[in-house]
Amino acid sequence: MKKLINSPDTVITDALRGIASAHPELTVDIENRVIARAEKVPDKVGLVSGGGSGHEPLHGGYVGHGMLDAAAPGEVYTSPVPDQILLATQAADSGAGVLHIVKNYTGDVLNFRMAAELAEDDDIRVVSVVTNDDVAVEDSTFTAGRRGTGGTIVVEKVAGAAATEGADLDTVARIATEANERSRSFGIALKAGTVPAAGKPGFELAEDEIEFGVGIHGEPGRERGKLAPLHELVGYALDAIHADLPVDGDVLVIVNGHGGTPLIELYGAFAEAVAWIEGHGARVARNLVGNYITSLDQEGFSITVTLLTDELTRLWDAPVSTPALRWGM
Amino acid sequence: MIFDTQRAIAWINRIAELVRADVERLTTLDTAIGDGDHGANLDRGMTAAVDALAEKEPETPGKVLITAGRGLVSKTGGASGPLYGSGFRAAGKAMRDEGDVVALSDALEAMLRAIEELGGAHHEDKTMVDAFAPAVAAFQQAAGATADMHTAAVAAAEAAEAGLAATVPLQARKGRASYLGPRSVGHEDPGAASTVLIFRALADVTAE
Amino acid sequence: MKKLINSPDTVITDALRGIASAHPELTVDIENRVIARAEKVPDKVGLVSGGGSGHEPLHGGYVGHGMLDAAAPGEVYTSPVPDQILLATQAADSGAGVLHIVKNYTGDVLNFRMAAELAEDDDIRVVSVVTNDDVAVEDSTFTAGRRGTGGTIVVEKVAGAAATEGADLDTVARIATEANERSRSFGIALKAGTVPAAGKPGFELAEDEIEFGVGIHGEPGRERGKLAPLHELVGYALDAIHADLPVDGDVLVIVNGHGGTPLIELYGAFAEAVAWIEGHGARVARNLVGNYITSLDQEGFSITVTLLTDELTRLWDAPVSTPALRWGM
Amino acid sequence: MIFDTQRAIAWINRIAELVRADVERLTTLDTAIGDGDHGANLDRGMTAAVDALAEKEPETPGKVLITAGRGLVSKTGGASGPLYGSGFRAAGKAMRDEGDVVALSDALEAMLRAIEELGGAHHEDKTMVDAFAPAVAAFQQAAGATADMHTAAVAAAEAAEAGLAATVPLQARKGRASYLGPRSVGHEDPGAASTVLIFRALADVTAE
């Protein structure tokens, strides 16, 4: 394993030290692992998210004006613990209640649930929205359900904008829920990332093999297939999304790199996504192309499609100023 | 034999030892059908549990288990942290101070119920429940038949082991392995494997 | 070679199609390979840069308010051709003259020089500033001299800000020159990137080997060495920079990923850079951490240090709105 | 033998063929001490030169070389595009219509001067100049001795070949290879290798 690290044990602490130095507008509690806005916004609904580390810039990179108030980064690919989420919740709370944005993984859901219970002991009202946009996993009440992946960014952005506008907790939660319900994602990996503590990649692929339907934790996908030209891969991903939620009207598209894939390839993927979507009579009204929710050094990409409404478009366009997303101010 | 404070502490310490010795195996199992952190998670959590007990030694076996559970919850992360953590806390709350085999049996059952309730997993969902449930059943049965704690614990460990083996052909319906769909078939569930360690540790510390 | 591409021949066209769709505020001439601002700014000194592709977001990602007016992306790792640079120069010209920002590579220098001659036939006044911040290469009048790497971003940013303020061509060129002279960079690679047309990495390294002093074209560095803890690697890079231009006062630090290195590691590297710099009595007053000048999917990082002046700090802080750099508006 | 329009076109076409056949070798050489694009660059540039000639056939050998040079400049990119492109343009401007061996010799010398002036490379900087300069000298000498174009071209190709071999032990001082410092030693210079092809092509098209 070749990584730019001091040791597998210090990866997260070192990154948090870097985030703290790079972004003086954030307060980083390195010991307890909480990244929060340096200044509380009075009377605003607080937004908290968190999850395993290794997905940078998610979530710490989305803390700031117009988006999250605090983030709780766990160990690499491991959900944070309740105490930590509680601290983030306290940091985010200014009396108007706190929204927990939780990606749908058993560990995240359980740890956030416990934290919410602890917060209620503190008289902080917490509502949780669980994101589950990944169509690679079959959705069923008998299973753990779908994973939360790229759609989480959309949820954090529009919920953050709503809270910044002054919406109350229920409204913010309603908007977050709607953004999640209107978002779908699908990921394809060419090479698995390596968890520092594990020292070897999550899976091994032959030179011509790729994984279809991967999540964001270096796990294998729903099937293994052959490398194909980019337009076929993009078509595969969008077919899967379209089969679940027809792509129609104005859409937001995120072409997201897994961490080890260069931007030149992501722009190529976006070009194919636009061609596919326009070919299906819909319109790419908004977009993001880059590394927004990663899997360490994994090579691959995911596509997220959100069916926009006027409200979601307005909230997406609202000013945001965080380390990883910045516009309008 | 009494499941007193000392034995409860010994149990937690022994689990920590067995987990530490098997970190790599648990991680390898979790790499195959999960995200490769179960070994590290539980090692971190059990270390926290052991540290919590060392810091302020609780006075009753129940408080030992509650303290251990809190340590697990506060440091493990992942799915297994809340599940085992809440499980031990529930066991601790159910544990009666007399510490006889019936009290322990009830505590183990409470632990199972807490795990099932929090995680919502059922029989054959390919989770720790598939090792934990038969282990508790075997403990209860052996305890009823022999009233001997060690015999019951050994029976429980064996049943957990069998439950672990039985997870191999299953397709996961809960936890990360469920994302793999049919590709989750053919592997042991990592959480079921760590449950085996919990019961093996119990057999070890009740040996004499 | 595993890449998200349709074919090695279409990589650049596909990426340009993606850039065109993703950024309607830019005009992308796909056939002639020119990325320009959709609207000319009257009476402003025009800024043009360009170079081989494979360094995204450089340079196209820096076209926009407060930075470049046009960029000319060549083939992968190959300088653009004069006609193309001429078109970019015409697109950037609004009568106040055009600054060419050229990274110091023989191909870039020669092609830009020819383009400048052609532009003069069009009565466009062109001044060129050649960036050469890479201390890994010995500077000498008998050689091709130093490469232009990360310092180029600083030059483009501050020169763009000066032009936006209304400075004339000579002033903009003076500021660009000063930014270049006050900037130094050093790069370390863990794994070479793969040029799509070549199909294999620029160099092969054993599991414990790394390259010190690499440029941005997948070429080997000035020496091969052993993988070491991150703080040692950062120390090596900063020692090399410091030996050439003592790190002192307020500095801007860019910790830049080569394309295949995840953000969590770059933040770790930045933490070590801050520790080193503060340990040497200087202060990290401004920073960028992320992928800003890449080498396809290469794994590795570079550090750029710019010794700030009040003027440079003010120009760095000035509003900018481009695909890859955005703040203050 | 006359270096007329047809022969000039044949020369350019032949260079393009030889470059196409050797793309991989040129790229491999450039991967070792450069950035691995010399083969693709020159292939693209020579294709443009050939296309430009096919599109509108020039009337004089000089105009053939100028057209080819423009094609090279407008499509090659990299260091070699402006160098060879300006070189051919200079050769074309120097070329006299009578097209005898002296005219060709003067044109080749003008080409060398243009490359040297633009690139600023000197003897033993490990560039194309190290093959081009001895090739031109050998051409001039053989032309003076025999007045035979083919003999002179063969001598030039051989001298270029020797110049290429002589680049191996050199440390580069110009172009990308210079960044490697001492590590540039032990490799042929890719531009010197393509210069060999230019003179080999000249020998081929003057064979009868």
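Per-chain numbering from 1; labels A, B, C and D assigned in written order.
Operating definition for what follows: a residue touches a chain if its C-beta (ideal position, glycine included) is under 8 Å from a C-beta of that chain, and two chains touch if they have at least 3 such contacts.
A quick map from chain label to UniProt name: A, C = Dihydroxyacetone kinase subunit DhaK; B, D = Dihydroxyacetone kinase subunit L.
Predicted, not measured: the structure shown is a model, and the values here were computed from it.
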Chain separated most widely from subunit A, comparing mean CA positions: D
Subunit A and subunit D: spacing of chain centres that average the CA atoms, whole Å: 55
Subunit B and subunit D, separation of their C-alpha mean positions in angstrom: 76
CA centroid of subunit A to CA centroid of subunit B, Å: 32
Pairwise touch network: line, ring, star, complete, or other: line
Contact pairs between chains, per stated definition: A-B, A-C, C-D
Subunit A residues within the subunit B interface of the complex: 52, 74-83, 105-107, 110-111, 113-114, 136-138, 142-144, 147, 195, 197-198, 202, 215, 217-220, 222-223
Contact set on subunit C toward subunit A in their complex: 2-7, 10-12, 14-22, 53-54, 56-57, 61, 190-191, 193, 207-208, 210, 227, 229-231, 233, 255, 259-272, 274, 284, 287, 289, 291, 294, 296-297, 299-301, 321, 326-327, 329
For the subunit D and subunit C complex, residues of the former touching the latter: 27, 31, 33-37, 40-41, 44, 73-83, 86, 118-119, 173-176, 178-181, 183
